[in-house]
Each structure stands twice: as structure tokens, then as C-alpha cells.
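These are the structures, in C-alpha cells.
Same chain, two partners: chain A is paired with chain B first, then with chain C.
Take a look at the complex of A and B:
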């Protein structure tokens, strides 16, 4: 009896040991990132993170990747470029994460690029603009739809030229992202022989735009290209509504960050009508791919609890797509070897909820998928209206187009 | 020429807005020497309360501002008491540590706002937002006229209060010589607490203006630290009408630069003016030489 107990005990201990060693061999796949959850970029960072979390939960519900669960290690970078280098050092050396995702936006991402390149690590970018153009890291892949750097301005100016526009006014925030946009807009305008009749940058924290809009109006441009940040975008549109912009303006907008977020759109309401602005995802028929609807069903529920953008069109599905990219690549190469994953990402087209993604050599999209869409028939203080199609009609790109431009701007506003 | 005239008119209105958001600081920092760097955070907090009242009860933002004014008065009394007990009472380096205290308070307010309202931009609706008054070719946004009216009213009320009432004169006395007041048998701390309450109470209306003029987000206070302190220091510490004039000068300068010379220069011009004024008149435009 005693021997049997001993034997039983031994078997139990051995079995327990075996089980725990199996578990020990299967630790979770850790994906590390910083994300702006406070500060100026938090309005984008939080929905983006929620998108990534929904992917994590989906993939874990299916049993994980290579039989391993996915775990996210996330720190708040407070929207600050000064925080991210230390956070990513910690993620790599202390937390020993398996893969890295970049934080949302250009400014916090730029300072970690040299470090990631030096260490030869894979980095999935998150809506930063041209941060790899000078660094040249061959293991960088941006989830954003930007494509070639000049395509953004080119698509907007194309629409303007087709509407008969010959002169352009340029109004840009004095910040990295907006200045990058403005620079490409200037270059494209020069190439096409378009005259730039007004070219100004305004400092961050400008309170009142009446004066600027007045002098812009005095320059009588045909096309107004605005590259602005969220607080300013609202201020600019309000001033345009109060001061007027002139009857000769055929096309207004382009690169206004902020008009993609639910709360801003709800607040701006009818002021948005007529504006043609860039976007990444919109609830038009052409934008639904495998899993897109499922994702938004989940997002809409969880956004309420998380107190983030109730629509979440701009960033959240792309956060989910970042997860899908690495999921497919790891499954295909059968390991976490970063070089192999990078090679796979570069050489293949990947199916995601935001459509097929293929990368060019610089880690940006091969072809631009940035939408230019015109706000139409928007009413005041109504969030739900933006869930139906037709409120933002897609004018570009051709394969996703859902309508034609209404011009001039003053007519389109009515 | 039209553009210049436009710029001046808008500049005056913008300046009035700056005056309204700075005038509380002119009392707390200008008169009481409290390094109140949390002033803009209090301002943003007030704006969020106005947003809350407007959103849930449909009350006009200005009326909402008036509703929260008594609340802010009490909040100001409590904030000063806490500051006094933990910092000011403890001696000479209170100033530096006081800055740390108020920075801490500002961060706490910012985080509380994020927890309660989220990080998204908020704004209010009212009949006078988004429309403008046409005079010839000129168009003046109504919301800026509201800012003008409120700034005038606040300046007038505070000036009258400080010069005509017993408590107001006591506040000015405590600013000049705290010891003398103590010798007269008055309690300078009580007076200062009361004054700090007033300085915080005016933020009710100022916060309403903040969200009327432009949308707000939880980190907006950082944008206003520079501007409000610049206005108060340029005015000469503690002068209410001086605050209005200094703010208008700043507003007009900013507006002219934005219109005529290029927007990038605007912030530089404001601070260059501050340096210029301090070089010529260290006590500020309307400050008395001590």
C-alpha cells in the first residue's frame, strides 16, 4: 500500500512535471509597443490599441499562433518623442518581447527608428509618415495606406485640376507630419505648373484662425490644400464658415487630421459639408473585405466601455491588420525568426480586413490606398449618421470610388 | 488696408478673450504671489464642466459658466487652504515648491478629465457659435463678440470689487504688506484664501469662453500657460485694467503678424514683446514701482 502510494505520488509528480514543462516550452508570444494614451495623440492611440487588442483576443480564441497565445506588452508614451527610445529599450532588453509594433503616429516613432535598425529588428509601423525614408531600414513595414510619398498630394491636386483648378493655396501646421505633406504638395504643384498663390505655416496652439483665413481668401486660390492637426482642423473649418472662403475655391481640404475621428465629426456637423479630405477607411460598400464587418461589430461594443472613438474607422481596423500581417507571416515561416518574417512580408500580398496589402522596398505600401472623400449632407450633432454610406463619398482611388466631386466648394457646402 | 483693419478688429477681440482667461491669474499670481501654474488646468476643468452641463441639460454655455461659478469659488478656497497648509506656511523656499505643487495639481486634473471624459476633443453648441456679423466686407464671428463682452464685464467687476468693497481693499492690502495687515488685527491668510476663491470663481465664465471660442481637449492647459503668464507679467502684476490692455496688445500683435507677415512668427512676437516691455519697464506696463 505504501509502495503503491509512493508510486502513485511519483507518477503524479512526474506527470505534473511533464505538464508544466510543456507549458514552459509554450510561453506566449510577446508583442511590445508604446502607445499614446495621454497627451495630444491619445485620441488616435487609444482606438488603435483597441483594434490590436481585438485581434489578440480573436487570435487567442482560435488557439494562438503556432500553438502559443499572444500577449501584448504596452506602455503609455504620453504622445512624446522623448519617451519612446527608453520604452523600446526596456521592451527589448528587460521585457524581452518577441516582436515590436511602433506607436501610433510619426512623432513618437521617428526616434526609435535608428535603434531598431541598428539591432536588426522587425518593426510594424502604425500610421507614421515617411519615418523610414532617410533611415532605410529593410525590416520596417507600415500598416498605413500612404504608399509613395507624393501620391497623397497628387491625388488631391488631380481632383482639383479636373475641376478646373489652376492655382493653389497651402496652409500647414508647423509640425513634422503636416510639413511633410506640405512639402510634397509644393513639389507636385511645381511639377504640374500650378501656381502657389498662398503658402503659410501656422504654429501649434493657434487659437483663432479668422486672420489667417482672411488673408488666404484675399489670395483668391482655386484649390486650398490644408495640412492640419486635430485642434486646428476644427478651428480652421469654423473660421471658414464664419469668414467665408470665396466663390472661386473649387476644392478645399486634403490633409486635415482630426476629421477622421467620430467626436470631431459629430462636433463639426454641417461645417464639414463640401470638404474633401483624406481618409483610411469609410463605411462605403467598396471598403468591406473578409472580416471587416465582424471587426466593427466587436469594436462598436468595446469602444463604449473603453471610452474611445465610437466609430474607430481611421486607425482601429489598421491596428487589427497589423496583427493579421504578423500572424500570417509567422504561420507561413513557422517560427519567430524576424529576418524570415520580414522576407515573407516583403515578398507576398497579405489579406487583411482593410484589403490586400503589399509592400515596396521601403516598407510602405506598393500602391497608395489613401482615400480622398467628400463630406455630403452631414447634419449637426449626430454620430450615428456617419455609420451609413453616402456621408463621405469616395472620389479616389478609382477602384474604391463611390461618387463624383461636387464643386465649387461654396455650392457643395449647402 | 482692409486686411489690416480686419486684423486689428479681430486682434482686439482675441485680446479680450486672452484677458478673460488671464484675469483670474492676475489676482492669484499678480496680487497674491501664488505661483499658480495650475491656473490653465483649472480653466480647462471649468470648460469641461460647462461642456457637461450643456451636453446633458442643454443649458447655454454662458449660463452654465455662471452656474459653476460658486462651485469654483469653494474649490478655490479649498485649493488655497491645501496649498497654504502644505507649502506656503513652511518658509522661504515655498515659491519653488509651490510651483511643483501646482504642476502636480495640473497633472492630476488632466488625468481626472481623461478618466471622466476620455481624450477626444469636445465642443458646445449655441446660437452664436459658427455664425458671423457682416459689416461691409468685414465679417466678425459672434463668438468673439461674446468673448469681448465677458472680458469687459469681468474686468469691470473685478476692478470695482478691488477698489470699492472692504474685502477688495483688504485683498490689495495683503498684496502690498502682509505683516502690516497682521498688525492691524486682520488675518492675512483668510484674506488671501478669499482672494484665491475669487480668482478661481472667475474661471467659471472664462472656462465657458474657452469652449465657446474653440474646441477643447484635456491637454489644452499646456497651450495657455505661456499666454496667460505672459499677459499677467506684461500688464504689471495685479492690475486688472492693465491685464485687459496687455491682452489686447498681445491679441492685436498676434493677429497682425498672422495676417500680414506669416503665421510662424506669431508666438515669437508675443514673447519678444514681453521681453521688450520687461527691459524698458521691469514692473510691467501698468505695475507700480515697488
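Take a look at the complex of A and C:
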């Protein structure tokens, strides 16, 4: 009996000690978000989240921000727009998080934009496209390198025009992101007096592209701008490989989603050669900033355990950068006052592992940092080759350039 | 029978009063966001059950009707700035027309063929909306909410109450159908359509009626979703998940009684909401799947059927 009392007492004291030591510490800074962890966008959501988690662990290892640890509150939105309003309401009203990050991609983000605007909350965007253009929220900051809406198409067409291109063909999936890209491409082409000789949208889930590629080839364009999603990107490149695209084509690619992910690149292998496509980060010398290498060392290890994209170039470093943005802002402001943080983010240039970031009034990047890169010398069935430089040569932007365009496309394919 | 009717209406009035009181008292927004989704699924499940449960015609087109409801609201809001009630009423009218057309075209098919035709309907309508630029096309569209009308000081609270009204309307209709000649006729044709036709039950007319009512309710349930999300895109509005959920909720609750789909919808969608903010991973999806399998194996007539069975065996034990 006595022993038991003693034991009980010890436990009570230990428990009390534990509680009081927790109390002595300040409560953690809670950052809330939803992230697509199931459904169509999960392939992007998971590496993005891993990037944010690596930032959290780094920050906490350094003692946190303002002496407070960082805690993430994350829910799965199943890649659906219908789920996010309830989730963000839970984050704001029940979990009472201190800061909000947006989910990966445009569709799940769109419904929460009016909500955060109405409540005057800061939101760090995660690779959504022009989601604030109609809402006009002044406390929105997108981590994506997009920049002004037309810069994406403009940089691609620039490269084509420099190579002597005068006409353009446009092939786009009938889905949200691809249609946004196609729209800006049309506008830029009209502005420059470039003739659009072929303009076709195809329904999502199309698998057989040979008839479309045949008619595209017949139009004899100089530049082919493709805005596609992962399954169709593969189908289009296979059809091009079988049928050919004609000798006039100087530049092919632009907005093909999927060619940024390790598993897709591994599967497509040599089909990728010659394609010039957008990207956000690549292992070229010009892309390493303070902390970039450290980050990828950690990511490569943890990606194996987490079973996510082993390369993780496209989204993960930007998730880390989102964390760096708020970390710098909170430290500079000295509090969690969202208005002050937003003001700081808007007025300064921020150092991140994906390079310096500065925002324009609409919360997008001041200047585009979307890379246009050409696949070169890619072999079949080899993931590791993409870790070395030279497999994707950066053609744009100027300050990050790592090589020149090989043209025409048919020659570059070999 | 009459006393039961009075009890039902008292229950409905208490429910509406409670939801209204909630909008006036509760300051936290989350219950309204989550509650709205649950109420929306109650309407969908009850509406599905009118054709799927009473008549036994398994309809996979719930998402088609829901999506048309969403886009009717989007169109009216964008073109005319129409208020919410007009959006819902128009959506219901269009849903009724659509139900009528679908019924005429497909109700001569039976069993699996009817189900396949309803899936086709979803795909066709989604493709049309995807190519209609005025309502955003494939890229989707962001919609601005009009200012809130008193006595509600928040738009989501208003939507919550409006959806509660729709629940009462849907349940009242479903209950009326079950207890009237329509329900008895539908039940007869579910058991044996040929025999019912031979004994003078106007089967096609009854089926059409069920289709029209069910379609109108589904579209009406979809209309407020446009303002709830303030965003619409074809992939989300025509998500096949709505079809599967409405069907699963009705089956789990039981289709033999009007209260079955309500029980199923509350159980399933509340679990779904809860799992989203607790487990939040693939396990979430798995749990729902396991639940479905368990019910199909263990209680093929749903919760209502299970309860009845237990009562029956107890009564038999007493005798």
C-alpha cells in the first residue's frame, strides 16, 4: 500500500513537473492548411507538404520563431473544391491557427479566397494560378514563380521567335489550368501579330492523339504550344514520336504538366528529348541559393520514407520557401500581427532557397521566375539521371540560363 | 395515421426552429460550414430514394442533377444577379424538366441499363458545361456573394437555414409519396413491373412522376452550393462522389421507409466531416469503404431494416 502511494506520488510529481515545464514554454505558432493527400492532386500535394514539414523541423531545431515552436495543422481536402470551405472554417474558428497556408493548386484554393478576404486574413498561396485576379485580396502572397499572367506564354514565344518562328499551333486540354495557359498564349500571339494556324482543345482523359497530331502537322506551324495534363502529356509525346511533327517545328512544349514529376519523367525517358517545357526548379548550377543543397539532401532522404516524388523539384522547395517567407516576416515585425506581416511581405525582397522573392500588388511575383528548359540526352528508365545538370537546360530567364536552344525540334529529338 | 402526421409536422417545426436559433446564437462559423454539407446530403439522399428506393430504379445521375443546379445558380447570378431564392426555384424547375426528359428517354430501360444511361447523362452534361465559356468553361468561375439579408448576419448561416428548409420540403414530399397511392404504386412496380402494369398500375406515369420530383429536389439542393463555394468548376460540380454518396446513404439508412435516407445521410456525411478533420489521409477513404461493405453484408436492408428485424425477433421472443 505504502509503496503504491509512493509510486502514485512520484507519478503525480512527474506529471506536474511535465505540465509546468510545458506551461513555462510559450504556446506554439500554429500554421493551418489543407493539402490534397488523396485524389488527383495528391501527387503534388504530398511533396509540397513534405517541403513545408522540412522547414518546420529546421525552424524548430533553431528554437522556433520568436521563441515559439512551429506546429502545422493539416487536413486532407481530397483534391476537391467542395471540401476546403469547411476545412478552413475549422482552422480559423475551431483550431484558431495563427497563420494560413493555401492548399496546393488552383481549384481547392479558389473557394477560400473570398473567405480570407472577408475576414482580413493573410494567405500564402501554393502554386495556384491567377486565383486572386478577380478577388483582389491585398493579403495574398503566392509562392509560385508565375509572375505576371502573360509572362509564361511570352517567354516561350520569345524563344520561338528568336529561333525564327512566325506561326503558332495551340493544343490544350479542356481543364482549368491548361485553358488558362491557352488563353494567355492566344492573347500574346495576337499582340505580337503571330499567326495561330492551329487551335484545338481536347477533352480530358483523351488517350489517343494520333489524329490530332496529324492535323497539327498538316498545319505546318513553327511553334507548337502544348498545355496538357500528366496522362495526356504522355499520349501526345508518344503520338509525336510515332508520327513525327514536321521539319518546320522549331519549338515544341511550353505548358505540359507532368513533365516535372520524377515518375512521369522516368516513364517517358527518351521521348522527352527536345521538348522545351516550363518548370519551377532544376538542378542546374544557377539554381542553387543559400540552403538549397541542404534542403534537397534532407528531402531526398525523407522522400523515401514518405513515399513521395523522389526528385521533388517542382513543389517541395517552394513549400519550404513559403515557410521562409513567414519566418522572415514574423521575425522582422516581431509579432503575429497579420496586417504587419502582409505589409512587410509586400514591401521587401525575401531570401529563400528558390532565390529572391518580391511581390507585386496582386500578391504574385513581381517578375516571372518560370523556367523554360529543354530536355537533352535523356535515356530510358533512369530516374537518377535527372539529378545531374545538363539533362534539362535552362533557356529562360536570362539570369538563370544554362544553355542555348537546339533547333529544329526533330533534330533536337535525336 | 393522423396523429403520426401531427407529430411529423411538430418535429419539422422544432427542427427548423432549432436551426434558426442556431444561426442567431452560435458565433462559431464551423458548425454551419460542416452542417450545411450534412443537410445538403440529406436532401440528395432523400431525393435519390424517391426513385431509387421506392421505385427501385438505381440512378447514378445525382451528380448530373446536382451540377445542373450549381450551374443554373451560376448562370442566373452572372447574367441577372438573381437572388438566392430565384436561383433555387429556377434550378428546381429545370431539374423537374430534366427529370421528365430523362424519364421519357430512359425509363423504358430497366435495371443496369437504366443506371448506365444515367451515368451517360452526367458525362454529357459535364462536357456541355466544360465547353460553355460564359459560365467559366473548364477553368471554372469565381462568384461573388450578394450582401446578406437580415435576420442573418452571415451568408453561410443563411445558406445553412435555407438548406434546412429544403430538407423539410424534401422529407415532407418523400413522406407524402410513401403514404399515398403514388408510393404504393411505385412499390408495386418495384416488386414486379409487369404484374403491376397488368393490374392497372400506370407504371410509366408513376415512374415519370418520381423522376420529376427526384430531379427537382436534387437540382434545388445543388443551387445553393454555388454561393456556398463561391466557385464552380465542372469537375467539382459533377463529381461522381455525389452520386455514389447519395446512393450509399440511402442504402445504408434503408430504403423501405422515408426516414432511412435521413439516418444514412446524417451518419455517413457526419462521419465524413469528422474523418476529414481527424484522420485526414487515405485511411479516411478506406474507412468509408469498409463501412459500406459491412452494411451491404451485415444489413442489406439498411439500418431501418436492421432495427425492424431486432424488434420483430424481440416480439417473437415475448410470445
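By our rule, the second predicted complex is superposed on the first by the 391 of 414 C-alpha atoms of A that agree within 3 Å, B and C clash if a C-alpha of one lies under 4 Å from a C-alpha of the other, contacts with A are read in each partner's own complex, and residues count from 1 in each chain.
We adopt the following convention: a contact is a pair of C-beta atoms (placed from the backbone, for glycine too) under 8 Å apart; a residue touches a chain by one contact, two chains touch by 3 or more.
The structure presented is a predicted model; accordingly, all values stated were derived computationally and were not measured.
Chemist: Between chain B and chain C, whom does A:38 touch in the aligned arrangement: first, second, both, or neither?
Modeler: Once the two structures are laid over each other on A, A:38 reaches both partners.
Chemist: Once the structures are superposed on A, label A:231 by its partner contacts, choosing first (chain B), second (chain C), both or neither.
Modeler: Only chain B is touched by A:231; chain C is not.
Chemist: Going by the contact rule set out at the top, does A:135 touch chain B (first), chain C (second), both, or neither?
Modeler: A:135 sits against chain C, while chain B stays out of touch.
Chemist: Considering only the touch criterion stated at the top, classify A:205 as touching first (chain B), second (chain C), both, or neither.
Modeler: Once the two structures are laid over each other on A, A:205 reaches chain B alone.
Chemist: Taking the superposition as given, does A:337 touch the first partner, chain B, the second, chain C, both, or neither?
Modeler: A:337: touches no partner chain.
Chemist: For A:367, using the defined touch cut-off, is the partner it touches chain B, chain C, both, or neither? Pick first, second, both or neither.
Modeler: Touch partners of A:367: none, neither chain B nor chain C.
Chemist: A:214 contacts which: chain B (first), chain C (second), both, neither?
Modeler: first
Chemist: In the superposed arrangement, does A:180 touch chain B (first), chain C (second), both or neither?
Modeler: Second partner only.
Chemist: What is the contact status of A:90 with respect to chain B (first) and chain C (second): first, second, both, or neither?
Modeler: A:90: touches chain C, not chain B.
Chemist: Using the superposition on A, tell me which residues of chain A are in contact with chain B and, in the other complex, with chain C.
Modeler: Dual-contact residues (chain A): 37-38, 174, 201, 203-204.
Chemist: Given the complex with chain B, which residues does chain A contribute to the contact?
Modeler: Residue list for chain A touching chain B: 37-40, 42-43, 46, 174, 200-208, 210-212, 214-215, 218, 230-231, 234-235, 238-239, 241-244, 258, 261-264, 267, 271, 307-309, 380-381.
Chemist: Which of the residues in chain B end up touching chain A in this complex?
Modeler: Chain B reaches chain A through residues 3, 6-7, 10-11, 14, 17, 110-111, 114, 118-123, 125, 129-132, 139, 141, 144, 213-215, 217-220, 223, 255-256, 258-260, 262-264, 266-267.
Chemist: Using the touch definition up top, name the residues of chain A that touch chain C in the complex.
Modeler: Touch list, chain A to chain C: 37-38, 74-78, 80-83, 85-87, 89-90, 92-94, 106-107, 110-111, 113-115, 131, 134-135, 173-180, 183, 201, 203-204.
Chemist: In the complex of these two chains, what residues of chain C are touching chain A?
Modeler: Checking each residue of chain C against chain A gives 28-30, 32-34, 36-37, 127, 130-131, 137-140, 142, 144-145, 156, 225, 228-231, 233, 235-236, 239, 241, 273, 276-277, 280-282, 284-285.
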